[in-house]
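Next, two complexes with chain A in common: one pairs it with chain B, the other with chain C.
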Partner chain A sequence: MFTSNTHHALVKTAPGETRPLTILIWIIAGFGAYWFLPWFALEYGLFDATIEEYLASLGWKTRPLTLTVPVFLALFIPFAWPWLPLKRLGWVYTLFASAGIGLIFLDFIRTGEAMGFSAAVVVMALAAIFAIGIAKIGFQRGDSFISGAVVFVIFMVLVFIFYPVIKIFNQVLISRDGSFAPFQFFRILTSFGVSRVVFNTLVLAISVGAATTLFGLIFALYAVRATTRLRYAVRILYILPIITPPFVVGMSLILLFGRAGMVNDVLMFLFGPTGIFTAAGSEGIFERSGYIYGFTGIFLAQTLSLTPISYMLLSGMISTINPSMEEASLTMRASRWLTLRNVTLPLIRPGIANAFLLGMISSAADFGNPLVLGGEYDVLSTEIYFSIAGAQLDFGKASTLGLILLFLSLAVFMIQKRWVGQTSYVTVTGIQTAGNVTPLPKRMQQLFTVFISVWLVLVGVLYFSIFLGGFVKQWGADYSLTIAHHRELWMHGFASGGWPSLKNSLGYSFIAAPFTTMMGVLIAYIVTRKQFWGRGVIDFGTVLIFAIPGTVIGVAYILAFNTPPVELTGTAIILIITMAIRAMPVGIRGGMSALSQISPSLEEASLLQRAGSAKTIRSVLMPILRPTIVSSMAYSFIRSMTTVSAVIFLATAGTNVATTYILSRVESGDTGVAVAYGSVLIFTMLCFTFLVQALTGRSRVEKQVKTQ
Partner chain B sequence: MQRNIITSVMVLVLFIFSASAWAEGRLVVYCSNEAFACQAVADAFSAKYDVKVQMTRAGSGSTYAKILAEKDNPKGDVWYAGTLDPHSQAGVNGLLEPYESPMLKEIGEKFRNPATSKKHHSAGVYAGVLGYSVNTDLLKEKKLPMPKSWADLTKPEYKGLIQLASPQSSGTAYTTLATIVQLQGEDEAFVYLAKLHKNIGQYTKSGSAPGKSAARGETLIGIGFLHDHALQKVNGFPLELVVPSEGTGYEIGGLSIIKGARNMDNAKLFVDFMLSKEGQEVPQKVKMFQVPTNINANVPKEAIRLDQVNLIDYDFVTYGSEEMRSKLIDRWAKEIKPMPR
Partner chain C sequence: MEKADSIKIRLKNVSKHFGAVKALDQITIEFAPGTMTTLLGPSGCGKTTLLRLISGLETVTSGEIWFGGENVAELSATRRDVGMVFQSYALFPHMTVERNVGYGLRVLKTDPSEVSERVGQALKMVNLDGYQKRHPDELSGGQQQRVAVARAMVLKPKVLLFDEPLSNIDSKLRRSMRDDIRMLQKSSGITSVYVTHDQAEALAVSDEVIVINEGKIEQQGPPKSLYHLPQTAFVANFIGESNVIDATLEKDGNSKWVVLGDTRVQLPKGKKVPAQEGPIKISLRPEMVHIKSESKSSMAIEGIISQSAYMGPVMEYSIDTKVGSLFTRAPAYQEQYQPDDKVYLHIHPEELIVIPDAG
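Right after this comes the complex of A and B.
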């Protein structure tokens, strides 16, 4: 019958609709992958395999059954040309593609083999055809790019977020000897020591949250409102703790305040039993002790590391307050102090609450500092680690504690979203509105100047000791200078010492950064602009991404990806994915806040002129979003370089990264080498930050973190 | 231009593939010794047999966890070093491949089949004596007497000056715990541990940390395996190694083949190598002073020889079992750890 549908092929395709060529390309890609790439996972990875191993893993050579795959793909070819009515074609694509994906997965699960590159590509091709199918049915009004994006995002969220978390739940229900134990969760929960650990974690989190908020406020007020030169120092130096791997701050505290620390040496010299201020014969008022280990040390280290983040949050808020409110207050003869207390602070109250909650979550999730400085103050993240890496392996306990930590984090995050959600996405670009900025009350400014100077001196000494420590033979015993540590790390050839882990860190972070940004912006786009079925999945998935602590991800990924069909542990891929997931919140938030500033009418205009979604995004949105993309990539790179809690379980000999290498040297007691490496890392990150700043004219890191 | 690029890429890819085809075979070693000793052993084996060795270094607890997690799809081939107890547990839980190496005839009697299962799952590749080391400079500074026994450590003058690892995270500390229990009986042992607890300055996470702390002067006395401490002494730190007079325990370093190893032949070759005189002398070259179990191997003079000290008859079978370990560690965590100091 001559309906308009049969003339479809002759009619120019509507914008956003898939050309036959696209479908053919996907089919060819699947075909090519099947013939040339390994169907089963290579034991030692692509670059380490021998020729025999590679040939043995090709599907058509070893498993005739898999020849059904190219046959199946070939079936799609006639359907590429739309000679069926549109909707029916869509159903054909959808059903056959999903059947194909399902069969492939089932086959791998049945045989217990792990999927290889070609299996992955074929699944991707089928998923693309699936997406094209549902677009033709009417999903997203026929826009196959968006439907492809949605399918891709949902797939990633399901496989890399939901599946591992479900595995953790699963593990909680299985006891140590493998039997089903539904009440194990409660047994572990009420077992000895767990309540103490939870209590410890909460106490630490609340105190650190309070401290970072208070100090961040002080810094923010000072940096924006003070009239001294010092405020420039604050604006430059705040970045240091962000680019430092978290536990390096902890290590430097040990170098200074540990039993053999420099400060203790000085104090012993002055006040110890043989000190110059001690009366002859008396015991002196100072004795070496490990006061830095435990709550004190962790509190100090976390406060020092996390205050810059709350500073950035609050300074952004303060600099966007409309000054006219305060001016009004001042003209009514209120003192500066009264103005500050009754006008300014209430205006930034949501920011204060936000900073407090953020500080809490960051403290609870922190792993590096409690590990290095904890002494006997056990917190959840270290307990989880030792349930796996300690003297007695207990996946059930690790999973239970992991779930507790996850719930804690989710609870805080939900509070943050409900209570202060509005202000999370406010533009904070530091645009000054008209009016004079009210300076701080005089007394307060003097007080702050003293405080901040002390703080900056302390931070300066800490970083100095990190750089110095790399050149000292044996800190605490032998202060002679030596390059032995650096020589061990860097001068024994590129395959030994610190080079493999440094190369890996740089490489993985480099690969993860664009991936993070792309996914983040994509998620931000479809969440802010589009309505669709399955949106709830993505929403909750992103909440999980934001809230999940690093150690929990590490454990979850070990449990989920150590067995077929998706076997990724021990590979570089899983590390890249972990890093990408850890840094994704920034990409998503950045994308969301940037997109909320852009009026939808721009895209509508483009779509009206028959450019598809892909072209619209590419030509209209990307250029506007470029600053966001650059900052997101920069921050993602930095975050990936300094992450430790998630990767500690996943890094292996072949895929070691800088942070785990440093940690293993710390655990062996080789502080000299560890600190030397840490200083090189910091230096690398500084260079990187300056490079980005030089290229883009502004410190991009600052903009991204503010919107966190 | 493009054709040149494509050609060179293809050549590169081909080269990469063929390069890996050159090695005789491969071996994945999970090593639980000190990093430098692990590297030396890997290099020596790789050089001698032209095998590509991929080595991971992790504590014995972590390695056991990894092997357990990978049991359906083992990635490692052989587990070298680390205290015997986790090896024993792995054997009992069916994670290891039994292998009776022809080299066993050169190994001392009690190291041939020491693990709980008694099925040749693991062999003893080194031994290390438990004891403590004292920083002599600090001792002089504080004008304290040199302790000589376990009982001496509970004297009040050493308050806050002793470091021991936590049994919850360290196999070394667990061996200490088990030694005291075998010396005195379980309940008396916990009375002793409570007294010792008052003198402990810090429970460290890692087993070799107390020795390093004592070397650096961060603590006076560090309890641990003396071969770690011997290394510090050789490096010039003012340490005196003490073997407690009542008798002491020792650890056996395990050497096991993982069940389902992908490179089984090379794994067996590695076991043979590490049980031979040549293999056992490799760690000594990098100043690892564990006592070799091969009767023909040279015993380094810095090592504490087993026949020269008063050793208890450490029951690896009983004290290596999972139930006993959990029982003792949990009891320690419940009774000793929370006590005030």
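Right after this comes the complex of A and C.
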């Protein structure tokens, strides 16, 4: 073998071991960035800065000499000392790289300046050298690709997950005037409003969890087991609420049932004080009121939006039940109904529990619907938003509430992992069994058909009203058709109206998607295949990624990245990163589920053929994973386009995205424009979904979404 | 278990079509009361479909199914009074053994005390008395299958159906389980239908064997007659192993001769042959060919060993001859031949199998 204790820098390297040329490239890159890119952050970004600003930010005058030393030393070592043993070389790289990184961070914290591109690139280069160094010491058995991947992932998790969350904790302990106030937490907790808000959130979450589970079960049973044509409708239409920004459902409910709503008008017309069915002189049995606002509205909107997810989870589970079990039940004199009750449902009990918990978390994290429909009913996500966005600017309160929401979410997530993960009755045995799926009991099928038809009609009407609303002059008052709203959005040039935000949404999502998927698959790969020191960091980081609600990320990122050393708020980068983090569970779950079906022996065979990890991943795993990657990217894109709860905190006038733009128009009362934009967004996502499904085959996107 | 009143199963012109595919076409069979009949055939031949039609889990496209004097073709599985043992056992994982076996009794609203008594009896029958409180995942594969058998029988069904029950059992365990199933079936007297693709299993377990190929019945009869008197080349090849050889039939007055390459073999008087002379197919079972290093009779085929394998109790040989490559077995304690040895294959005329259907 090539590896031995004596190592010549220019000798042929073993597979997986980094060639000296690679190291040299990293050193040169770091070095070049050090001298020629802005060391300090530019006030107005790279493209809007003046020449003087650029030169000033290079920081040559203020460059502390100490920082150049490690870089120089690292540069010369392998070439000045070619007979250095491998391990020693590794230690040299590791120590100097970590020293360099540490010094850079300390320096920025000391001076209070914000890091610029140069600093970021140098840190990255040093981190790469660090990874190569520890690989040479023996981490991951000398495989510097995996070592690099691990270092990269840990770095990302530390900077973009742990650091912001720690900032929240930090904020909770420091009061508004900057003094240390640990009891502030309790004071806020026990103040009147907060317990009510927490109670509201919990009640809503539990109700929505129960409702979505029940309805999702009905849909799932129907889609898999019914014998009517309607089941195809279910299988196609369920995707609608998923590609819709969640609060758009809420908006459509207002269009129908709000004070100026269409249904309301009809009811007033029939039963109101001047209704045609009302006797003269009486008050009528119906009043125009805002009954849709508050708990009712949010409950309805969330149930309509979240049931499809529960449906997918449960229909996936139902499809994997071994048909022989139900057939055995039938041969033992049990009717279809008894079979359903005694065999089928108990078998999917873990799925039902899972769906319930998922519904709870999603409801608690939902921001758009409570904002639009909440009325007097305050929940945690909206309270957090108003603590910062309103006149209060109480970061202490926002952080405290954010922590409560985070703990809630984490608790439910942990329960899900513990409880549900363990008891799984539905295992794929791999035995080929002949067997048909047992159809539903007759009366149950009839009942479900009625229910589902009503549901689908309601959803159809809701979506129709969204599309219609874009063309109506003044909903509730003047129903004449007009294209004024759309004209305002789209026909005043690309720099005004809806175009900037739409371009931003598309652009950011487009950039975030591949990044998310790659990171997600990488994390999935490392977590499922590799053991190493530091794995706990990634594991816990992954849990946080899954469990953290959007509003909490929003607050955390404001706290973390609004101030040096890493100052990113107001830039496109922070939005892209936010979107990436929000969509990362998609990539991770997809990657993990796909990898669990690929036997490790494939990679082992490749490694035995002398291919390093990088080549193995590229030539063996990637092609097999390609369908997963494609569908993962598609779904990440969709999620990024429709996310709102995190970006609402971070979007600015210059970096506005579609969802925040719509919300701002809603807040200023321009319902028509907001709805028009919403309909365009939905239409865009529909086209995108169909395009992807056409290109990759129907089952891909479905399968991807089903693993959520 | 007391003997039930065995019923006769009759299938009349049963067909099953899946769209354009004819899985089964005009099948007419009778299953004698109290017998165990095996449906044997390669994968995809339709045997499992046939079993499922009898069970009621599939409905016939056309035809009648009679359990005794009742046409059950229109009845669903729930109403047909059949017991079925599945390939994957299909035990309910969320129920104990007792609840699994007692499931049907509970559905029929049987008295709880009677339920536990009958469950106990059924488990005793399969030697699992005492396992009532266990869960299926705590049992081995063999034990699970026995519970499945107990569960199928506890309701004293009219018909017992077995869908490849031993496919997932370790081969060592298979023989004892096979014998147990046979014993249970015999003592209970329930008319049973058994599906398998393993022909050795079929021969061991059945009163009658039905060989099915591509949705049609090739041959039906007791195991012995299928083995010794296959009616078609398919049956000859499928049951046991055979060397199927092209030969010529010659008639010389009252005597019949079969010409295999250079060898002429006189057939015994009783042997059934086609009426005309000409090409026929002969089947030689490997164990019916006796290898000797010298020719000891005129009815010996000359050959050269191409491969020899030591199997423990037997030696297996491939031998190149004028009539093709023949496969035979010989006890290992006799002389062991090596490749390139010249040998002579001796045949006894009574052991020759003449295949009537040359197709």
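Going forward, the second predicted complex is superposed on the first by the 659 of 708 C-alpha atoms of A that agree within 3 Å, B and C clash if a C-alpha of one lies under 4 Å from a C-alpha of the other, contacts with A are read in each partner's own complex, and residues count from 1 in each chain.
Here, a contact is a pair of C-beta atoms (placed from the backbone, for glycine too) under 8 Å apart; a residue touches a chain by one contact, two chains touch by 3 or more.
This is a predicted model, so every value here is computed, not measured.
In the superposed model, B is the one of chain B and chain C that contacts more residues of chain A. In the superposed model, A:330 lies in contact with chain C only, and not with chain B. After overlaying the two complexes on the shared chain, residue contacts for A:338 are found with chain C alone; chain B is out of touch. By the document's definition of touching, of the two partners only chain C reaches A:322; chain B does not.
When the shared chain is aligned, chain B comes close enough to touch A:290, but chain C does not. Touch criterion not met for A:453: it reaches neither chain B nor chain C.
When the two complexes are overlaid on their common chain A, residue A:259 makes contact with chain B while staying clear of chain C. Shared-chain residue A:346: touches chain C; no touch with chain B. In the superposition on chain A, A:619 makes contact with neither chain B nor chain C. Chain A uses no single residue to touch chain B in one structure and chain C in the other. Taken together, the chain B residues at the contact with chain A in this complex read 16-18, 20-21, 26, 34-35, 39, 54-59, 61-62, 64-65, 68-70, 72-73, 75, 160, 166-171, 173-174, 201-203, 205-206, 208-209, 212-213, 215-219, 237, 262, 325-326, 329-330, 333-334, 337.
Here chain A touches chain B in the complex through residues 43-44, 47-52, 54, 112, 114, 192-193, 258-260, 288-290, 293, 371, 375-376, 386, 388-393, 395, 474-477, 496, 558-559, 562-564, 567, 569-570, 652-654, 664-665, 667-669, going by the rule given at the top. Those residues of chain C that touch chain A in the complex are listed here as 48-49, 52, 55-58, 76-80, 82-84, 86-88, 90-94, 103-104, 107-108, 148, 151-152, 155, 163, 168. Those residues of chain A that touch chain C in the shared complex are 322, 324-325, 327-335, 338, 342-343, 346-347, 349, 425, 429, 431, 433-436.
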